[in-house]
Amino acid sequence: MTVRLGVTGATGRMGREVIAAATSHVDCEVVFAVNRNPTDEAVDGIEIESASEFDSLLVDREPTVVIDFTGPESAVEYAEGCADAGVAFVTGTTGFDDDGREALEAASEDVAVLHAPNFARGVQALLNVVGEAVRNLPGYDVELVETHHNAKRDAPSGTANRLLSEIEANGNFTERTHGRDGEAPREEGEIGVHALRAGDITGEHEILLAGNHEEVRLTHRAEDRGVFAAGAVDAAIWIAGQKAGSYDFADVIAE
Amino acid sequence: MTVRLGVTGATGRMGREVIAAATSHVDCEVVFAVNRNPTDEAVDGIEIESASEFDSLLVDREPTVVIDFTGPESAVEYAEGCADAGVAFVTGTTGFDDDGREALEAASEDVAVLHAPNFARGVQALLNVVGEAVRNLPGYDVELVETHHNAKRDAPSGTANRLLSEIEANGNFTERTHGRDGEAPREEGEIGVHALRAGDITGEHEILLAGNHEEVRLTHRAEDRGVFAAGAVDAAIWIAGQKAGSYDFADVIAE
Amino acid sequence: MTVRLGVTGATGRMGREVIAAATSHVDCEVVFAVNRNPTDEAVDGIEIESASEFDSLLVDREPTVVIDFTGPESAVEYAEGCADAGVAFVTGTTGFDDDGREALEAASEDVAVLHAPNFARGVQALLNVVGEAVRNLPGYDVELVETHHNAKRDAPSGTANRLLSEIEANGNFTERTHGRDGEAPREEGEIGVHALRAGDITGEHEILLAGNHEEVRLTHRAEDRGVFAAGAVDAAIWIAGQKAGSYDFADVIAE
Amino acid sequence: MTVRLGVTGATGRMGREVIAAATSHVDCEVVFAVNRNPTDEAVDGIEIESASEFDSLLVDREPTVVIDFTGPESAVEYAEGCADAGVAFVTGTTGFDDDGREALEAASEDVAVLHAPNFARGVQALLNVVGEAVRNLPGYDVELVETHHNAKRDAPSGTANRLLSEIEANGNFTERTHGRDGEAPREEGEIGVHALRAGDITGEHEILLAGNHEEVRLTHRAEDRGVFAAGAVDAAIWIAGQKAGSYDFADVIAE
C-alpha cells in the first residue's frame, strides 16, 4: 500500500530533500507540498502550494502522513491541523519551547505523532549499542570526536551530547573535557570531547574506547542531508500503521 | 583476595606476556611458572621451573588457577593435572582435535575450565554489539576489512570469521566476496571481506555498514599481544570464584 | 576580472553541479548553458539553450572558457567550435578514442585545452606527495583501499590506478594483488589492492604504508560530486589566462 | 660491513629496545652496553657493564657508533668520550640546555653527531610531504588530532608541534585552537589542535585538510617504542660512513 504524504516547508533545504527522498521511494507518493512563501518553480515535479491552503489540502488530497521540517510555531500549527483531520504527523523541527511540546503532546492524543532531533538510522544504531560497549569495557578511557563543516557555530553537536549521555549512563564518568593544552594530565572519569570544524563535512561522530592494549572505535558518518530525509520518509511509512500516540525514531528502528 | 596463578609455556611469547600482565596486576600473584625447556633466566623476576615438576608444584604452591598458552598435547596434560588437583584452568591454546576437546570437557567436570580463541575484551565487545547494529540497519551493505602483519599466512583471520558469522546470523547475507577486480558489480546479499597484510600490525578489524547516505563503522585494534595476556589474567581472576564447568570468554565479559 | 563561462551538458548530473559551482563563485559568471535536449526548467536560474545554438552563442555571449562534461563525440564537436571561436576549453569527459584525443590535440594548437579525468584538487595533492612518501619508507609494505558506492561496476577505480602507477614508479613493486583468501602469504613486492563497494559513498582512497613498527596512511575522500565541479571551475579560471596548448589539472595545482 | 655499536642507558626502556633492534639487525652488532647502575641480568644476551667503564670500552671494543638514550648530562659526557675516541654518536636524549647543545656541537667538530627528537621514519616522511599538501590545497581548513596513552601529561605532543610548524610555514595560518565548547565558530586562519589521551596508545598523529567538498588526511601511527629504536639503529648504520659534523634524522631519510 502506497503511503500518501504531505510535505511542509517544501522549498527549504530539508523540505526539498524530503520531496526528493519521497518521490524516489517505491512505497510512498507526495500528494501535496506547501510553503509559507510558495514559488512557481516545482520541486522534483511537485507543485508548491501556499501554506494557507494546508487545511483544505488535508481534506482534498487525503494524505496519510505529513512530514514537517519548519520552525517551532509553524510546526505546532501544522500538528494541530493534522490532529483535526486525523492525519499522522512526523516532525524533525527543533527548538520547541514548553508550550510547543505540550501542543505536540495534545495532538498525539488524536493522531500518531513522531518527533525526532535526528533521523539518521545509523545514529540511532550507535545510540543503541554504545551502552553495551561501554559496559563490556569497564575502566577503559573514552574520547569522543565529532567533525562538522566550518559554518557550524556551536560545539559539541546535539548528537554528540546524546551519545555522551548514553555513555555516562553506562559507566563511571564524572567530567567532560573540551581540549587539552600544556600540562593537562588525564583525570580519572574524564571523557575528552573534541569538536573538529572543517570544510563541508556533513557530520561525523567517533567514540574511542581504549585500555588494556586495545581500542574499540564506533563511528557514524552522514554523507549528506539525504540521510535525514530518508529517515523521515522511513518514519512516515512506519507511522502510517500506528495508532494515536507519541513516538520517537527509536521506535521505528526497533521494528 | 589475591588469586594465586600458575603459568605454563612460561618462556614462550604468550607465556612471557602472561607473566608480565600477572605480576603487574594488583589482584593476583604468580606462584610458579613452568616450561618444557626451562632456562636459567628469570622472567620478570619469576623463576622458570621444569614442566616435569608441574604436578608437585600444584600441590606445593597451591595455585587457584593455571593459565596455559602452549600446544594442544601439553595443554591436555596440564588440564588433566589441574582436574586432579582441583585447580581451575584457563587456556588460550588453539588447534585442539576432537580428543583434545573431549579431554578439556572431561576436566571441566571436576574444575572450572575456560577455553577461548581470543582474549581481547574489545573483540568480545564488538561480537556483542555487531548483531544489533546489523539488525538496526536492514538492507545496508556490509564490508569487513581486517589488517594483520605481513607474516600472517592465512586469510581471513579467525576473528574476522567469528564477526562474519555474527553478521550473517542477523541479516540476509548469502555470500562472502574476497577481492574485486575488473567487472565486479556488487551483488545483493554479498559481504566484501578484505585482508590487508602489512608491516607489524598486531591486528585490526573494521566492519563497515553503509546505505541511505550514511555509514557506520565498528572497529577493533589490538596494540600488541599484551591485550591477550591481560584478558587471560582477567579470565583467571574471574574463574577463581566459579564452580566446575566449561566457560568461554563471553562469560567473563557478561559480569 | 570575471571569467565568462559557457557550460555544455547543462542538464546532466555534472553539468548541473558545474552551474551550481560557477554561479556561487565570485570570480566567474555563466553566460550560457546548452544541452542536446534542452528543457524549459532553468538550472540555478540559468536558462538552458539548445546545443545546436552552440556556435552562435560563442559569438554572441563572448565566453572566455567553455566547461564540458558530456560524451566523447559531443566533446570533440564542442572543442572544435571553441578552437574556431578562440575560446578556451576545459573537459572532464572520459572515454575518448585515438581520433578523439587527436581532435583535442588539434584544438590545443589554436586555444588552451585542459583535459582531466578527475578534478578533485585533493586527489592531485595525493598524487603529488605519494611518491616522496614511498621513497622515504623503503621496504615498507603498501596496501591500497578504495571505497565507492554499490553501483560502481568496475574495480579498481581510475583514481586508484593512477595512485598505484605513482607508487610503482617510486619503489620496487612487482605485483598487484586483489583479495586474499585461504593460504595467502604476502609476497615480496606485492601491493594489496582492495575495492570496497557500499552504500552511496562518492569515493574514498587510502594508501597504507607499514613497516618498522609504524604506519603512514594517506587518504582522500570526496564528499559529493561538487568537488569535481569546483575543480573544473578552478581550472576554467586558471586557463583563462593561458596561451594555446594542452594542459592537465596538475598544472592548475602547481600555481 | 657490520657496524659495531655501543649502547648507553642499556637497562632503560629505550636502551632495551635499542639492544633488541640492534641484535636482530643483520648489519650491526652490539659490542658493549653500559648503564649507570648495571645489573647482573643480561639484555637479549648482552652483558650490562658499568658506565664508569665507558672510556676504556671505547678503546677495547672499538665500536664505530654509540647510541644514547639517557639524560642530558649523561649524554654530554658520553658525547665527549666519543669525540675523544673518534667514535660517531647518535642520541635521542631530550631536554638539553644551551650548554648541552654547545657540547654536542663541539663534539661534532671531531666526530659525526646525530641528534633527533624522534626516530620514527614515518614521522619524518609526514614532515617531508605535509608542506606540499598544504600548498596544493590553499584555503582548506586544517585540523590536527594527536592521540597518546593516558599517562602523557603534556599536550600537544612534540611531534604535533613540529607538524604544526611545517603546516604554518606553508599556508596562511594565524592561530592554534585547543578545544571548542559552546558558541565557538571557526575563525579564518585557525588550526584546530586536538589532544586525545586514552589507554596505552603509543602515538598517533592525523592532519585533516578539508574544503571544496573533499578531505585529505595524512596519518602516522607508531605501533610501539620499537619504531624509535629501529630508527636509531638505521641512523647509526648510516652515520658510520659520514665525516665529522652535525646531522639530523632527515639526513638519514634523504639518502
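Descriptive notes on the structure:
As written, the chain order gives the labels A, B, C and D, with residue 1 at the start of each chain.
Everything below uses one rule, namely that a contact is a pair of C-beta atoms (placed from the backbone, for glycine too) under 8 Å apart; a residue touches a chain by one contact, two chains touch by 3 or more.
What you are looking at is a predicted structure, and each value in this text was computed from that prediction instead of being measured.
The most distant chain from chain C is B, comparing centres defined as mean Cα coordinates. Interface note: chain C and chain D, two copies of one sequence, contact each other through mostly matching residue numbers (shared numbers exceed half of all numbers used). Chain A and chain C, compared by their mean Cα positions, are separated by 35 Å. Computed from the mean C-alpha positions, the centre of chain A lies at a distance of 39 Å from the centre of chain B. Put simply, the C-alpha centre of chain B and that of chain C have 47 angstrom between them.
Contact with two or more other chains is made by residues 199-201, 209, 212-215, 223-224, 226 of chain C. For chain B in complex with chain D, the touching residues are 41-42, 199-202, 223-224, 226.
Chain A makes touch with chain B in their complex at residues 120-126, 128-129, 132-133, 136-137, 209, 212-227, 230-231, 253.
Every residue of chain A that touches chain D in the complex is listed here, in rising order: 140-143, 145, 147, 150-156, 177-186, 192-201, 208-215.
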